[in-house]
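Each in structure tokens, the structures are laid out below.
Two complexes come next, and they have one chain in common, chain A, joined by chain B in the first and chain C in the second.
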Partner chain A sequence: MAIRKIMCACGSGLGSSLIVHMNTEEVVKKLGHPEVEVDHTTISDINPTAADLFVVGADLGDFISGIPEEQKVVLSNILDKAELEEKLKAHLG
Partner chain B sequence: MAVLDFIVNILSTPAILVGLLALVGLCLQRKPIEDVVKGTIKTIVGFLVLSAGAGFLQTGSLLAFGELFNYAFNMQGVVPNNEAVVADALQNFGTSSALIMAIGMALNIVLARFSRMPYIFLTGHHTLYMACMIAVILGGAGHLEGAALYLAGGCLLALIMVLSPAYCQVTFRKVTGSDGVALGHFGGLGYWFAGLVGRLFAKDPNRKSTEEISFPKRLIFLRDTTVSISITMMIFFLIVVAVAVAKGLLGIVPAGTDPKAAAALLEPYGLTVANVGGLLNIGTETTSNWIVWALTSGMSFAGGVYIILSGVRLIIGEIVPAFKGIADKLVPGAKPALDCPVAFTYAPNAVIIGFLSSFVGGIVGLLILNGVNAAIPVALILPGVVPHFFCGATAGVFGNAEGGLKGCIAGSFAHGLLITFLPMVCMPVFSALGYVGSTFSDADFSWMGIVFGNAVNFAQGGLLVAVCVIAFLLPIVYNFVAPKKNEA
Partner chain C sequence: MSAMSDMLKRENVQIVESCKDWEDAIHVAVQPLVDGGFVTPDYIAGIIENTNKFGPYFVLAPDLALLHARPEQGVVEQQLAVTIARTGVEFKPGEPVRVLVTLAATDPDSHLDVMRILATMFADPANIEKVATAASADEVYRLFMEA
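Let's turn to the complex of A and B:
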């Protein structure tokens, strides 16, 4: 499935998800997919149809168990761009 | 003149003003025109959404809660919630808050460049909340206006934007194991305090990290703010309404009384038809049970906060990336100060233990306040799940980094007491300005509120501005005057 929209999420959808949002935008461009839309929100709003791919920190990994594995990116360090790039590459190709 | 009036009108419409800030930020980043249009409009809409949420929160539950709490317990009950008080205050201080935020961010870059605190504070919603609180204190209590207010406020905001990450960094570098990132969250004083308390257990021979034990993670569902606010507010409403009903609330107004007559009957009790009319079935076709009313009111509170958060998300979503882009260019070697969940992945068990321990601290603190209230009247600060979850969890991570499991429990318990007592001491400042039902929950808002809310009684006008500017300049002067430590 082609990824068109990536959603980053955190507890209140204000602070850390915005940081991950900025990092994701940078990595997605670097990987040559500027057409992918990136956004951030609260974990209250997560459901499988809201986006094609969800990025969260490991502390929220259990929280989004309703999302199919192939739609998830769980970061063990949410600030690590190298980890983010490696995991996004697997999804974006 | 008409043109001038038009410009003044634009600048004094907070929604458009924050839109213009986003516009400037987007243009400085040389974004394509469609991104500029999109970002500017989203920011303006965000502000309008926030205002709508504020109105709903007030009329939907918060005002009723305050009146009923007073009726039931004869004292002031306060729900600490940043969003509730900020959204309300932005109605009157929107323009000054927006300008203080803009000047504060610019001066944050100056401080990061020229002081020894190279932090760029990237938690945009806290910058907005702090700007708003400073506007209320300096403008409302300090009676500063116009350029003087913006300058003094911007200086204070910039100062706390580097000071808070600086005192957190003492322990936060032990959490992350590096010095490259900092914590930018205005619960800072509480985390520093939790670290300090945690250090008491640093030399414990049986020291164990929270991450070495297994701990159930199921409470993590409370990270969803909509759920956790709903649950706590439903419980608070049920208790308050039940006590009020036991005191004869439902008997005050006989069935079928028209709203005007009902208002006269309610007035001696400090109740109003607008706020509790729904509960007492005044002028309504259907009758609602008080339990149902309490449950829906509790969830309305969560709904109000949800709307406000959506608005805040739209506002800061454009401003923070612009701020970061500019700061990265101007301050080489700057350290980003980030929102508290960045600490959570380092110690997931400490997050849950810290929350529980802080929450218990909040309940113990409430009981102590209740005792104190018998001697001197104070506001009762109710333990909200959101501040205890986010701040208490971070305090737990800090306590764990300094003193392991025992440090985590003791540190976050102390934090729970702190964020109950600080708002209590701060409350008179806000009560005097008309903010009675809610107050800021996190520690830095409280200490800034206490210090500067009382400072305005001693220094006014030019002197007050001078105090703020000097406070801002001190770290820069210190950097150039004091000898540098040998960094070898």
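Let's turn to the complex of A and C:
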């Protein structure tokens, strides 16, 4: 499935998720997918139809158990762009 | 004024030796923003409540926490505070965090510039170490202003 929208989420939707949002925008461009839309929100607003791919920190992995595996990226270090790039690459190609 | 000097005042940077536990650390790290009128005391309870609900999702990297709650949980005006806890605070057992950055944001986006600076600064673990071991609060403040 082509990924058109990536949603980054954290507990309050404006700290960790905003950082991941900025890093994700940078990485998708680097990977040659500038058309992908990126946004951030709170974890409680996540549902499988809100985006094609969801990015969260490891602490919140359990809170998106309703999202299928192929639709999520769980980061062990939120600030680590190398980890983000490697994991996004697996989804975006 | 740069995004950082708008968001961080010298009086909101402090160094403490230790905190009793993670809840105490949240009190200590948010108090400067309460004193300055940037958040209401509810903001402290809000961060603790979120932590109990979601876990310490604000621990962004080893040794670094970005404490924050939602705007409606008590934010008056957007602002940052920085607390260095020399002995570290265990939000998760065995993972002490020395650098506590408290964020008060009024909406999901308007603090984007300062977050960009923080993300770039702390992407390098050496910069976290520099802040954690800075000799004085003046020095910590300077490291943020120069970021």
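FYI, the second predicted complex is superposed on the first by the 93 of 93 C-alpha atoms of A that agree within 3 Å, B and C clash if a C-alpha of one lies under 4 Å from a C-alpha of the other, contacts with A are read in each partner's own complex, and residues count from 1 in each chain.
Keep this in mind: contacts are C-beta pairs under 8 Å (C-beta built on N, C-alpha and C of every residue); 3 or more make two chains touch, one makes a residue touch a chain.
Small disclaimer: the values here were computed from a predicted structure and weren't measured.
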{"item": "Side-by-side fit of chain B and chain C on chain A, or clash", "value": "clash"}
{"item": "Chain B versus chain C as contact partner of A:23, first or second or both or neither", "value": "second"}
{"item": "Which superposed partner A:42 touches (first chain B, second chain C, both, neither)", "value": "both"}
{"item": "First (chain B), second (chain C), both or neither touched by A:81", "value": "second"}
{"item": "Partner chain in contact with A:50 - chain B first, chain C second, else both or neither", "value": "neither"}
{"item": "Those residues of chain A which chain B touches in one complex and chain C touches in the other", "value": "10-16, 18-19, 22, 40-43, 57, 59-60, 63, 77-79"}
{"item": "Chain C contact footprint on chain A (complex, rising order)", "value": "10-16, 18-19, 22-23, 40-43, 57, 59-60, 63, 77-81"}
{"item": "Touching residues on chain A, where the partner in the complex is chain B", "value": "10-16, 18-19, 21-22, 40-44, 57-60, 62-63, 75-79"}
{"item": "In the complex with chain A, residue positions of chain C that touch it", "value": "50, 53-62, 64, 66, 68-71, 73, 103, 105, 107-109, 111-112, 115-116, 118-119, 122-123"}
{"item": "Chain A contact footprint on chain B (complex, rising order)", "value": "122-126, 181, 185, 217, 220-221, 223-227, 306, 309, 312-313, 316-317, 320-321, 324, 336, 338-342, 344-345, 348, 351, 389-390"}
